[in-house]
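Two complexes are shown next, each including chain A; its partner changes from chain B in the first to chain C in the second.
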Partner chain A sequence: MAIPLNKTTTASYPRILGIRYDPAAFTLPDSSSAAWDWEANAEALQAINAAGGTVRRINGATAELSGLPQLLASTDNQFVQQHLQNPVQGMVISLPDRAEITPALNLTLRTESTLPVEWTVWFDLGDHSRLTTKLTLDLAGEVPQSNCLIGGTLADESNLTLITDTQSHQATQSLLLGDFVSARDANLDWSLWPQTKGQLLGDLNVTLAGTGSRATLNLARYGYQDDWVGIRGKIKHLGQHTFSRINMRGVLYENSRVNFTSIGQIDHGASDADADQESRLMTVEPHAKGSVNPVLVIDENDVRAGHAASVGQYDEDEIYYLQSRGLPMATAKQILIDNFMEPIWRLRNGEVG
Partner chain B sequence: MDEVSTTQPGNFKDEWGPMDDVRPVFSTGVGINEETIQAISRAKHEPQWMLDLRLQAYQIYQSMPMPSFGPDLSEIDLNEIKYFQRATDRIARNWEDVPDEIKTTFERIGVPEAERKYLAGSAAQYESEAVYHNLKQDLESQGIIFMDTDSTLKQHPELVRQYFGKLIAASDNKFAALNTAVWSGGTFLYVPKNVHADVPIQSYFRINAGRTGQFERTLIIVDEGGSVNYVEGCTAPNYAEDSLHAAVVEVFVKKDAYCRYTTIQNWSTNVYSLETKRAQAEANSTMEWVDGNLGSKVTMKYPSIYLTGAGATGSMLSIAAAGANMHQDTGAKMIHLAPNTHSTIVSKAICHNGGRADYRGLIKYTKAAKRAKSHVECDTILMDQDSASDTFPVNDIETSDGTIEHEAHVSKISEAQLYYLKSRGLDEATASQLIIMGFLEPFTKQLPMEYAVELDRLIKFQMEDSIG
Partner chain C sequence: MSKLEIRNLKVNAGDERILNGVNLQINPGEIHALMGPNGTGKSTLSETIMGNPLYEIVDGQIWLDGQDITEMSVDERARTAVFLAMQYPMEVAGISNADFIHAALNARNQGQPVAVLPFLKQLKANMEFLEINPEYADRGLNADFSGGEKKRNEILQMMMLRPEMAILDEIDSGLDIDALKIVAKGINAMRSTTFSCLMVTHYQRLLNYVVPDVVHIMMDGRIVKSGGPELATDLEKTGYAELEETLGSETSHGNSLE
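Entry: the complex of A and B
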């Protein structure tokens, strides 16, 4: 399938009905010749192979990505379409129908390059298949820019639990993209901890195309120094009886700036859909700044849709109470911060949802 | 320019309320150019500075694009609108002096009744200018100025010049520029220092001619320590051709003052209501918008409050009801520019018969807005499968010690509540109506009693086909 958009080199968030969600934009890497490696735990690889699945490195055409036409047909993510115009480098994890992989796949992509990096990690899960993956994207070198797409297709009644950590050793410009399409009764639990330093622009999309499909997107971010972070998470409901949750939390230190935008979209015909979002930021230090923009786009009446958002400091009364119990200020503050982030870690650890 | 128009309304439908055969005695005809603007200014015997302001605004209007967001405005033909017509050539001081045809219309929508029972004064706007003006002696004696803006320009030109366009410049948006160029009518209200207008002050607006633009310009100034509750209602008969209502409202709330501005808008579903409303709240003052949008084909209205003084408080309480072929694109903006400022937005919307109601809002904390707090709630009920609602809040925070909370919900009528009410013997239509009125209660309980009754009747009437 032809990629429909012309190549552009500058990205910025689109205007949504007159509202520009993130003012910052930066130049994306064109293509990458950076060297990189991957590793995974042998136990999971063996289990996937034994079930008829594969975990393989790709370096070339986008045609290798099964389900791509579906995704391109459903996504309005301009970054994904731009990303796929370059030769795709990365990993494909595919499972046939009814493959239930018990050991979690611990997959790490690492580069020590000084060149821009472009990675694609693509999941292709067959009917009734099940997989848990802990994915780490490690920019260990002096990578100036990275452009990573994590996406794929989940067939009927498949289940993907995905924990994604991204990290860099120095300040970089990172574009983190997500785009999944879920079929009937498929389930995606995706927890992200994007901790690359410097500038981070995230655009994470899930399309619930099949009846009864579900998705939960949990994201945590700590902002330090001059980090600039803008992350948009969007779950689009196309099928009936679909369910989604977006939970984003961030703690801001020093001069960091974090902007969360969450979008719940329910299209006409997606009756009995249930979409809820929660985005919260805690500003710990005086020069840190944060914004949250929760959006609902609802074209169906038989739905439950809501969002809650907040930005604020820790509660002074709670600090006072903890200090009155003998705790030093730093410890009291840390307890409140940990408590603030705890719901995301709990979701990440699979205790809820 | 037509000196005498023979405008004849047509295609009147009973369900859209009364319409009268009123013939304007002066009209600039259809369309707009510099000559139109000069004619308006000349007819009003305005000072030169106002004409200069109008002409400058017209240049800005021509250069500005239409809004790039929100509802479809492509069907408005700005060259097919009558920008000024005068229904009567003198201002009436007493109700008996108001021409019978016009009086009939006001009587049908209840202005005299409201005035007799509850209201202190009334400056009702008919088409493009005030035709009726009455202020109770006790308010007048306190120094309150309450009259149409045209008369104020004649009688208190220095006051108008001091405040006109100071909050909403012509360059704010295309329709603010258009209003500044062709404005006519509107209300001027000045409350002196430490004066409390202890009864609501009311004004009615009404469009009564197809293709008649209403460009009223309202200025409210509540001086230090003063307080006022201003109420404005809109209703219009239905016509085949689209009408445009592009008002500009500027409200200045000085230190320690209080102002509540209540609007009920019930334009017929051929009216484009594109309004710009903005208030400035100084130190320790309170500004409240109470805003009901029940009619129109398209409404674009985002009243804002600039909280410029420490400890200022702003609030917005709004409802929107969108039926067939209606698009209510409303919201609010709270701009915090000073320490310890607080704001609240509560927005409720009901969509039925395929209507669309969108919320579009902004909370902004500038660097100076230390310890600011804001709370936003948006709730929407979608009555049927063809109705839709989007929620677009933007929170722009440049401080680290502020607090902002936002909640929104979209759903259909609660089946659990319906089930309960039906189990108590109510039929589905009555139960649905009860739930809807309960949903709107935070808004209706803030209204003067007459408005609450009228709103109740309008909502029930509008949703007759949707409930049950």
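Entry: the complex of A and C
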């Protein structure tokens, strides 16, 4: 059952800086019984099985998943609590120690339901293991609400490259939660393209717990008619010599609203941490609005940290230059939009390649 | 084949009058040089011909082959015949040099795609001619190019797009002597009865390699003197101040400057 909303529980919903939203809009009314399927490429599945790993569907089992009970016990995010108190449905990808999987895993979860959907996709990577995953969450039906949690634990010196696309065929209320914990010298490269239509609230967290662990969070979003998007990306540095980058870019059309908050948090003791973030929005049309809120929370002296942020239109001089070669305005604009998003796509495509 | 005629062109940038009645005619096949002191309106004239929205035509017309182009948008002018090699070419990293030129050719081809293989063959040939590293075809448009490389890339675009009327705004600025010769080679390669050109420059040295048919001197937003290539040579010796003095004297005696 959904946790009832009252003043106490509302206060513990994630306080997303600079983003105003209605928690009720993202609270699923009840546990979901929506039908869904998954598929993955055989080549990667075989490689994972051969290495002693698994890719399996789960339904209701949380205690056995590395890191999930700890997350439930530690989080003050009411959405996460609610998500994990319902029977967990989704996929678990686990690799034993020293499993290096060469073919990328292309994993798709799809539903054509008209009911709310709750998915958990959980990664459990052993020491020195390595995996690239392209994860697609496809709300193909008339799904009114979705609540998706993507996360996991990365053991010492493991490496996860994760590309996540979410999409819906109609306007929906989507909650996208992320929670990864990285151990010593583990590396997470996470590129997201959340393109579900309608309302989207994202709360993506990475904890760099081990010495020398690293994480990069890249996110791209296009906002169209009536889209409302509020996404927070947060990387917390606990270990020494940790490294993080947050890159968010969005292009806003029509009357869309897109708000990004990026947080680099360096706790006391995380000496020699390196945190940097860049968030930029391009408003293509006059009624589109957006905000970017870069935040650094630093409780350690010996660190490097920086941020850059901007909200603006395309450069008129660049439009003029492109038009001066004969390109129509629409083509010139599209080139500049692609140019604006190129840093994110380059990172994303580089990861796939 | 394009004939450019500019009649009594007066142009403002914001509230400031920059061009005070420019008259100019460039016939098909002719190369003209436009010289003059800093801040006299040369680049404004170039940008106004191209249709830069920052500049407002308050009087006069620009005719190309008998058609008034002053109401045309920038891209329409480009597709009609005009090419402007800019003083400060923009960097757009998200599109490759080759893709950009191909897109521009497609736009000039009524939106129909230009065959890729002949295009690539021509691009390769022109890059070799201009001694441009072949890898620059796949790099972002002008992205991280040096100043000289950007100027050469402007000439490459001109050679690929083959406009009938090119305006080269200080194409020689920032070039070393070797690069200047290469750029000049590109301009000379375009010379034909169907190509006309206006070269804006501060220096005589470009004109040693691209000999113009006509040289114009612009001052205070007007063309104050026109002549053959020797006008630039004389100017190199005397400088603008002496010319200004002479013209001022002529003006005080009631002579027209144009």
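Descriptive notes on the structure:
Here is the rule we use: the second predicted complex is superposed on the first by the 311 of 353 C-alpha atoms of A that agree within 3 Å, B and C clash if a C-alpha of one lies under 4 Å from a C-alpha of the other, contacts with A are read in each partner's own complex, and residues count from 1 in each chain.
Here is the rule we go by: contacts are C-beta pairs under 8 Å (C-beta built on N, C-alpha and C of every residue); 3 or more make two chains touch, one makes a residue touch a chain.
Since the model is a prediction, treat every value here as computed from it, not as a measurement.
Touched residues of chain A were counted for both chain B and chain C, and B has more of them. Once chain A of one complex is fitted onto chain A of the other, the partner contacts of A:308 are limited to chain B, with no touch recorded for chain C. When the shared chain is aligned, chain C comes close enough to touch A:323, but chain B does not.
Within the superposed three-chain model, A:268 lies in touch with chain B and out of touch with chain C [touch as defined at top].
Shared-chain residue A:293: touches chain B; no touch with chain C. The residues of chain A shared by its contacts with chain B and with chain C come to none at all. Considering their complex, residues 50, 52-53, 73-75, 78-79, 83-84, 86, 89-90, 92-95, 100-101, 103-104, 107-108, 157, 161 of chain C touch chain A.
Listing the residues of chain A that touch chain B in their complex gives 15-19, 21, 252, 268, 271, 283-313. Those residues of chain A that touch chain C in the complex are listed here as 315-318, 320-329, 331-332, 335-336, 338-342. Considering their complex, residues 67-70, 351, 358, 360, 380, 382-385, 387-412 of chain B touch chain A.
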